[in-house]
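Structure first, then comments.
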């Protein structure tokens, strides 16, 4: 059977689609892995919604710093040339069109570019939206990365989504474990398919009508480990004792 | 004849009305002199619309710095504890109600608190508003300082002003060369009158109906020189030669 | 003489009334003014509306405020973080009202309140369930949603260093919502790791000028 | 490799089109990007709308832009400063359109354009001649005026130091409108007194992150 890409391999493919000099926000979850695979010969400036430009991942042996985390509350470091700023300025960057790309996860992407990625109708827990709705209309291009099909086989790229929307008419390109699909005013165009999968099979696994680009290519990545390569989120320590006031002058 | 206060003496009186710990903006023109007379035993933080908190005037012998000017483009210095910020943050402070006082000049103040101080209807030159309209609705209290009457004797405190307004219902208190008048929901209340002037004479020189406060006092200041004590505005130097590019790397 | 220093966390949060709107800085645990929240919880205020990004983690800070029954409503973008058990329990049992707001819209609504702006038009959330009931309007062919300002009665923030005039600087990503919340309330209370002499903070590098801050208290940095 | 450095002022302003909306930093002469303005004037562009606080002083910088006939319209709060002779001559002879905007409204309109906000409601100018023709609206019993965002095609700004990513820091009150204008345009060009190595600017203290800046040129600081 055809080998599907794992999450790191999808992240690698997304990373290699981003041109030198871009400013890029990575959504919480799967997209955070993209930072691990940026080609060395490019300057990509990663923006983190909590007020960083120029973040990079920890290198082996670097200690996490609880005061330096990304949007997923995971420890990061800064590149030379990076900057800190507050949340109003950070979302001014996002909402004012200053980012070239945002990479987001998805529950469903519709062929009109609608994106649903924040809430499932049958969720029992509290809703949570974070910065997703800010990003979808803010970044110049929205790249989506997700598995092509959910665990029960349902397609994530659909003709129309009934899920609660994150934004309308906003998705530019979808990177899945089997294909790279561009969403254009002229419909969903398949740019790449993994080796061993036919266009018809891809279409069967997709809810929206696809067209194969004339210059389509095989979707190829290096083999990468399945394990997550991004440091884990910072965890709370044990409850601290009741705070003790300290003499302000002392 | 009764000695009217000069501009420095009015500024002195305004300065002594501002309580310790206040944040104060001084409008361009006459109000800028207030900074010269702040009592030594008070911490007053002066805000300048061009992005300063904690400004003070030059001390004798201090050289002007063209990169450190106030709203009137005059050279200033900073107190320890001062801060620089940009114009959007500066006017957030002004418009968001963070200043305790603004001191402004006036063409006319009406008994309903309307202020006209930016444009005379018969002006030939281009209009100019600066930050006056931001301040009138932004600062918690608007203090006005002006001569009580114009050169031709017309009162500046009037029943109603027909001049182009800076703001409505905004003036708290007026300091003139002959009186201190508080504007309340209950009308214009005279708090202080200069020595040798009767209430009736003051009323005659005023366009709005006045009431004398029960606890009114004489308006007394030290004798101060007539000359302006605030450094002059920075002036342009001779036209510079055409700019020469310099190697960005060298 | 301006001296905004307070001796301890309890003194710093004195006088906060039941029913207040309390803006709280931080992003997850980073920059959370945990000790101020705990001190407020200890005072057993009631009926607070808190505006913050996440809904606390563990049984301290924002979590403790909720656990002690101080909070009626939370306005936030992302209540669920590792350890947000108190929030989940209260929310699922219907004891806590939740208003979900996109993260940038929280920041912008608080900034608007700080800047004397009553309302503004943003693209964010247009066409989504979070725009339901909100006024929509088209400018230059694009659709926008009108959002109202949020103004706090109180802001609790954390910074790295402060001085007696209330000037604040932050450290790395603990900045996040703190400078925004600091601008947004009638009474702003900052906990810092160090209070320095007036003039020791470089005026070029002050992030929150003291005009926004009413009280500063030096507390142990318990997080790191 | 990101390298936003340009060799000289002329190269820095290359490609600016006739009819552009040009945001210009500075407050009077302090922080005015004079050499960039002069270089733009030398290119004899036509039909510019400039958005700035003052209308130039002397026959250089903004004054030279106007003298050379590059400017059709100026949006500003305070056109008259010592030496604004070129402006006055053109204005009085009807050769220059003037839109007077309160100073904070200029800053806020440009910030709104930078932040994806189409319009906002402010108290400023309510009940005055400058609110005529503008939409008014009452929120919570107070009257507000609706102001539209300004978005620039180009911004010309001056800073103290910059790096090849376009990060900028300022010096004292030359900051003024410069960081605001820098955020507000499609193409932002900064003149600095010194270009430093990437990483030399402290990330805590960068005022304008490079994301807002497209070109940086090191020029002699001619003012001081």
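Here the chain labels run A, B, C and D in written order, and each chain numbers its own residues starting at 1.
Here is the rule we use: contacts are C-beta pairs under 8 Å (C-beta built on N, C-alpha and C of every residue); 3 or more make two chains touch, one makes a residue touch a chain.
Given the structure is predicted, the values throughout are model-derived calculations rather than measurements.
Novice: Tell me which chains count as touching both chain A and chain B.
Specialist: The common neighbours are C, D.
Novice: Through how few touching steps can chain C be joined to chain D?
Specialist: The fewest steps needed to get from chain C to chain D is 1.
Novice: Considering B-C alongside A-C, which chain pair is linked by more C-beta pairs in contact?
Specialist: Pair with more contacting C-beta pairs, A-C versus B-C: A-C.
Novice: So how far apart, in whole Å, are chain B and chain D when each is placed at the average of its C-alpha atoms?
Specialist: Taking the average C-alpha coordinate of chain B and of chain D, the gap between them is 27 Å.
Novice: Using the average of all C-alpha atoms in each chain as its centre, how far is it in Å between chain A and chain D?
Specialist: 35
Novice: Among all residues of chain A, which ones touch two or more of the remaining chains?
Specialist: Residues 84-85, 91, 95, 137-138.
Novice: Find every residue in chain D that makes contact with two or more other chains and list them.
Specialist: Residue numbers touching two or more other chains: 108, 111, 115-117, 122-124, 170-172, 204.
Novice: Name the touching chain pairs, would you?
Specialist: Pairwise, the chains that meet the contact rule are A-C, A-D, B-C, B-D, C-D.
Novice: Chain B touches which residues of chain C in the complex?
Specialist: 1-2, 111, 113-117, 163-165, 167, 183, 198-199, 203-204, 206, 209-212
Novice: Touching residues of chain D toward chain B in the complex: what are they?
Specialist: 5-11, 27-31, 34-35, 38-39, 42, 53, 55, 57-60, 77-83, 87-88, 91-92, 98, 100-108, 110-111, 122-130, 170-180, 195, 207, 216-220, 222-224
Novice: What does chain A use to touch chain C in their complex?
Specialist: It is residues 48-52, 65-69, 73, 84-88, 90-91, 94-95, 119, 124-134, 137-138, 164-168, 233-237, 239-240, 242-249 of chain A that touch chain C.
Novice: Tell me, which parts of chain D touch chain C in their complex?
Specialist: 108, 112, 115-124, 137, 139-140, 142, 144, 148, 169-172, 202, 204-205
Novice: Name, in rising order, each residue of chain A that touches chain D in their complex.
Specialist: My answer: residues 20-21, 23, 42-43, 45, 47, 53-54, 78, 80-85, 91-93, 95-99, 137-138.
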